[in-house]
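Two complexes, one shared chain (chain A), two partners (chain B, chain C).
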Partner chain A sequence: MDKFSVFSARLVEKDELFTSGHRACQGCAEALAVRLVMKALGRNTIVAMATGCMEIISSPLPTTAWQVPWIHVAFENSSAVISGCESGMKAMMRKGKLPAKKINFVAMGGDGATADIGMGQLSGAMERGHDMIYVCYDNEAYMNTGIQRSSATPWGASTTTSPAGKISKGQFTQKKDMPKIAIAHNIPYVATACPSFPFDLMEKVEKAAAIEGPAYLHILSVCPTGWRIPSEEAIKYGRLAVNTCVFPLYEYEYGKYNLTYRPHPILPVKEYIQGQGRFRHLTPEDIDSIQERTRTEYEKLLKLSEEG
Partner chain B sequence: MARPIEEIKWQDLEMGAAVSERGSAREYKTGSWRSLQPVVDQDQCIRCGVCWLFCPDAAIKRSEDGSFEADLEYCKGCGICARECPVGCISVVIEEV
Partner chain C sequence: MAKERKGIEVSLAVAEAVGQADCDLISAYPITPQTHIVEHLSEMVANAHLDAEFVPVESEHSAMSVCCGAAAVGARTFTSTSSQGLALMAEIFFITSAMRLPVVMALANRSLSAPLSIWNDHTDTMMVRDGGWIHVFVENGQEAYDHVFWAFRVAEDPAVRLPVALNIDGFIMTHMIEPVDFEDDELIKRYVPEYRMEKRLDPDNPVSMGCFAMPEIYSETQMVRENALVESYATCIKAWDEWAALTGRQYHPVETYRADDAEYCIVTMGSLGETAMAAVDELREQGELVGVIKIRLWRPFPFDDLFKAVAGKDTLIVLDRAISFGGPGGPVALELRSALCNSPKAPVVVDYVAGLASRDVTVEDFKSIILGGKAKAAGGEIAGFTFYGLRG
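For the complex of A and B:
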């Protein structure tokens, strides 16, 4: 990858493949992530999308916000559908029924569709080695149906099915480490990204599209509605998640870890947690335990990236 | 889209509920959701484009001369542009009804 690219907002692709007029909430960083991913992918793209916020807000009949071929499938099988598209078009190109050209096959899903419901199919698609990109938009709960917990919800977050109260501290399990599960499949490319770092995100998407074989992208998308924060702070909280190492940005390319952004200085986790309504009930001891866990996880990752 | 969204009935839908016109969501003006409105001070603006890049609704217009302005047909008034502007030239004002 060229390390000397010029990063300027003015030089970013102007084409909007995810158009205005979609019905996302105000300040939805997930819609921003889709917009940036589509800018990086370009027009030669086919998208299969699992049920979730992005599907609901982008395609209320009779309109669609997409400028590329797009199909909505059930919660669990977006990766299965896109692997069928990929195999079918590859066969047609081989037989000369379609002109041979590079097409990006993209499956998209939220954290619920990826970490809970669609994990089996995603695992199968990655194991079969289809030339596809799976993009997971992680807003850390089932936001579309009203903030129910998913396995990607972090410890201590209050949701409508893990409410905080006298006995409960909210979500009582740790967040499922989905990128590590993807890495365990030995696929060529896995990366984590956040729309608060737009150039990093777009570079990773371009890399994932260029690589032959399955690629997995995990994008932390701040949800102002579900995280109980003001809409204008969506970008700020994404940045805080990265700078506190709660969500480190790294990539895994052909067996090698690479931290693409090293926060300096590393901010205390408290700064990320204290403004969010879903963590409002946490005591200083709880925050200390989150800090401790975040630190050990980040140190593990640093060690992995040093080993190469 | 040939007809306004309100006039399209179920008989007009295509087989399998397919939508053959791309990007037709532009017909739906999300600007009506807004209660706050971003106003760009063009004298202070350094034309960097950060507001345009961070807008989740692609509701910042780039004009020919390089200046940026909110597209009030689609702007939902989230305030991200005002918050992220590096020189602070975007202010958020309450919409007049």
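For the complex of A and C:
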């Protein structure tokens, strides 16, 4: 944590490409993540965004929060839309219809757009090898429509379609591992990040932009509204997710795993779980089982990282 | 390519035309009977015969999404599909026109499932009738070739900026070898010049596309959309006239055959028009005062051209190739009835549904439909529609 106590806005790019005045909820860490991603990308960027919180809050006609060219078509297809932008511009530059220039082609979507409805289209875009960055802002449920479960919702979380009840623990499945699915496409760069660790996040975005070919970034974006925590605690819960190893920060670059941050000491998951309204029904035994799974998953990742 | 007459499969002629139009990006997913068009385009790109990106996507939904992205950066963009593919891309089909992205699509018309059928009728295109695109129907290989250029010319016109669906009957046309007069590249370049989209995704001049609308502004966006489609009619006509001046081949939104002195007419869309003409020739010899009315421009619907074509006729017999289930008839007849209902001397509209899933409609069938329709009109049996030629 010490490394990040020096955080200062002065060390970060001043240009705001995702500007204030948007309609995000108070304390939205996803809006913060978008802002940091855009700072790292710079102006030579085209963004295709999926339907969802970030789209709705940033583009109510006739206003926009975007200072870069931005397009929204539908929910599931930001990866296909950016494929078209990238290939269309490539052809036009090759044919001399546009001046040659390096542009970042970036698709963005929430966890529902990425892990559920847009999974096939993302897989297609990664497989075809477009020079693009896909950013998943994972707030672990369909927050825009009112906190319904997605396949990225963690086990035990109570949502409006996986409610905790007399015979229900809430979400009944384990969180889908999207970064691993991206890695299985043999793309050059995959990374996880969290806006509670802003420099780590921005460095990864810069790396993704520099690498030719598809890159996938999975950003844990704490949602105070959906996680039922106070709006001023989003950054704290992001840190806790990382420091309990529930959400490890790592990257995968040309076949090699690298943990970019090793929490020391590793905090018990209980500190992350307790205090979140979505987990308040869980028993100590339930939390133990989450602890156990977190430990084994982290050990697997450590091993992969040591293997290089 | 130089000016030349070739015997060529219509799908290949369409692909060659897309190449002559210097298309920048093609994105498609395989589906019968559209496949020969995109296979040939892939070959053209693979052999550097066409300098374009061919994006082979994992679904038709993505094909149209890729086209949206490419059109939004200002690339000349083409795709092709049929039937289930169109159904899958339907979500994006509607958005493409709303976002004013000038994509051109060859729609090799095919029946919708179920039961699964790869053969031709118009049920696929009628599903997206209200999708805000310009819809044109062609009748033979030459018309298909010519209308590829017309489609790009109209779609990209700054006054229009709308996608165009070029409806070509699957198999009946896509897989036929026909004589086609190819035009030379210079002429095509004059007709479809390199285009610059003023408002495109460009980091030097950022714009936001596809913003969301609250109820206070949604209706206004739809009004703009409706006006754009209605007003595109003028450009459709202008582009046909310019094509005629360059090639001598003139097209109209509604075309007629031996209709001037006709008392009644058969109305068709697409490739069956030529069979209808042959049937009318035979019936004329028997003394029937019958003609053919062919609707080429389906959207924007050419009301005035229709009124002119039907003036003085007492009966219109429509050959519909789709059904509005549970409704009062096929889509073409419905359109005519509603267009004509307020005219004081409106002709009676008798509706037949035939030729579903490529079931043959021969000259003899047309004669039987025409005479049967005439008898129905005389007997006052004009409501609803009749399935022609059903078993049992």
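By our rule, the second predicted complex is superposed on the first by the 299 of 308 C-alpha atoms of A that agree within 3 Å, B and C clash if a C-alpha of one lies under 4 Å from a C-alpha of the other, contacts with A are read in each partner's own complex, and residues count from 1 in each chain.
Keep this in mind: a residue touches a chain if its C-beta (ideal position, glycine included) is under 8 Å from a C-beta of that chain, and two chains touch if they have at least 3 such contacts.
Owing to the predicted nature of the structure, the values given are computational and were not obtained by experimental measurement.
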Which superposed partner A:G120 touches (first chain B, second chain C, both, neither): second
Touched partner set for A:V73, first chain B, second chain C, both or neither: second
Contacts of A:A210 with chain B and chain C, given as first, second, both or neither: neither
Touching partner for A:S20 - first (chain B), second (chain C), both, neither: first
Which of chain B and chain C A:S87 touches, first, second, both or neither: second
Which of chain B and chain C A:R35 touches, first, second, both or neither: first
Partner chain in contact with A:P62 - chain B first, chain C second, else both or neither: both
Chain C-contacting residues of chain A that also contact chain B: 59, 61-62, 64, 66-68
Complex contact set, residues of chain C against chain A: 24-25, 27, 51-53, 55-59, 61-62, 65-75, 77, 91-92, 95, 99, 194, 201-203, 205-214, 217, 221
Residue numbers on chain A that touch chain C, as the complex places them: 43-46, 48, 55-56, 59-62, 64, 66-74, 76-77, 80-92, 94-95, 97-98, 101, 103, 120-121, 123-124, 127-128
Complex contacts: residues of chain B adjacent to chain A: 1, 5, 8, 12-13, 17, 19, 21-30, 33, 47-50, 52-59, 62, 71, 73-74, 76-80, 82-84, 92
Partner chain B, residues of chain A touching it in the complex: 8-10, 12, 14, 16, 18-24, 26-29, 31-32, 35, 58-59, 61-68, 195, 198, 224, 230-236
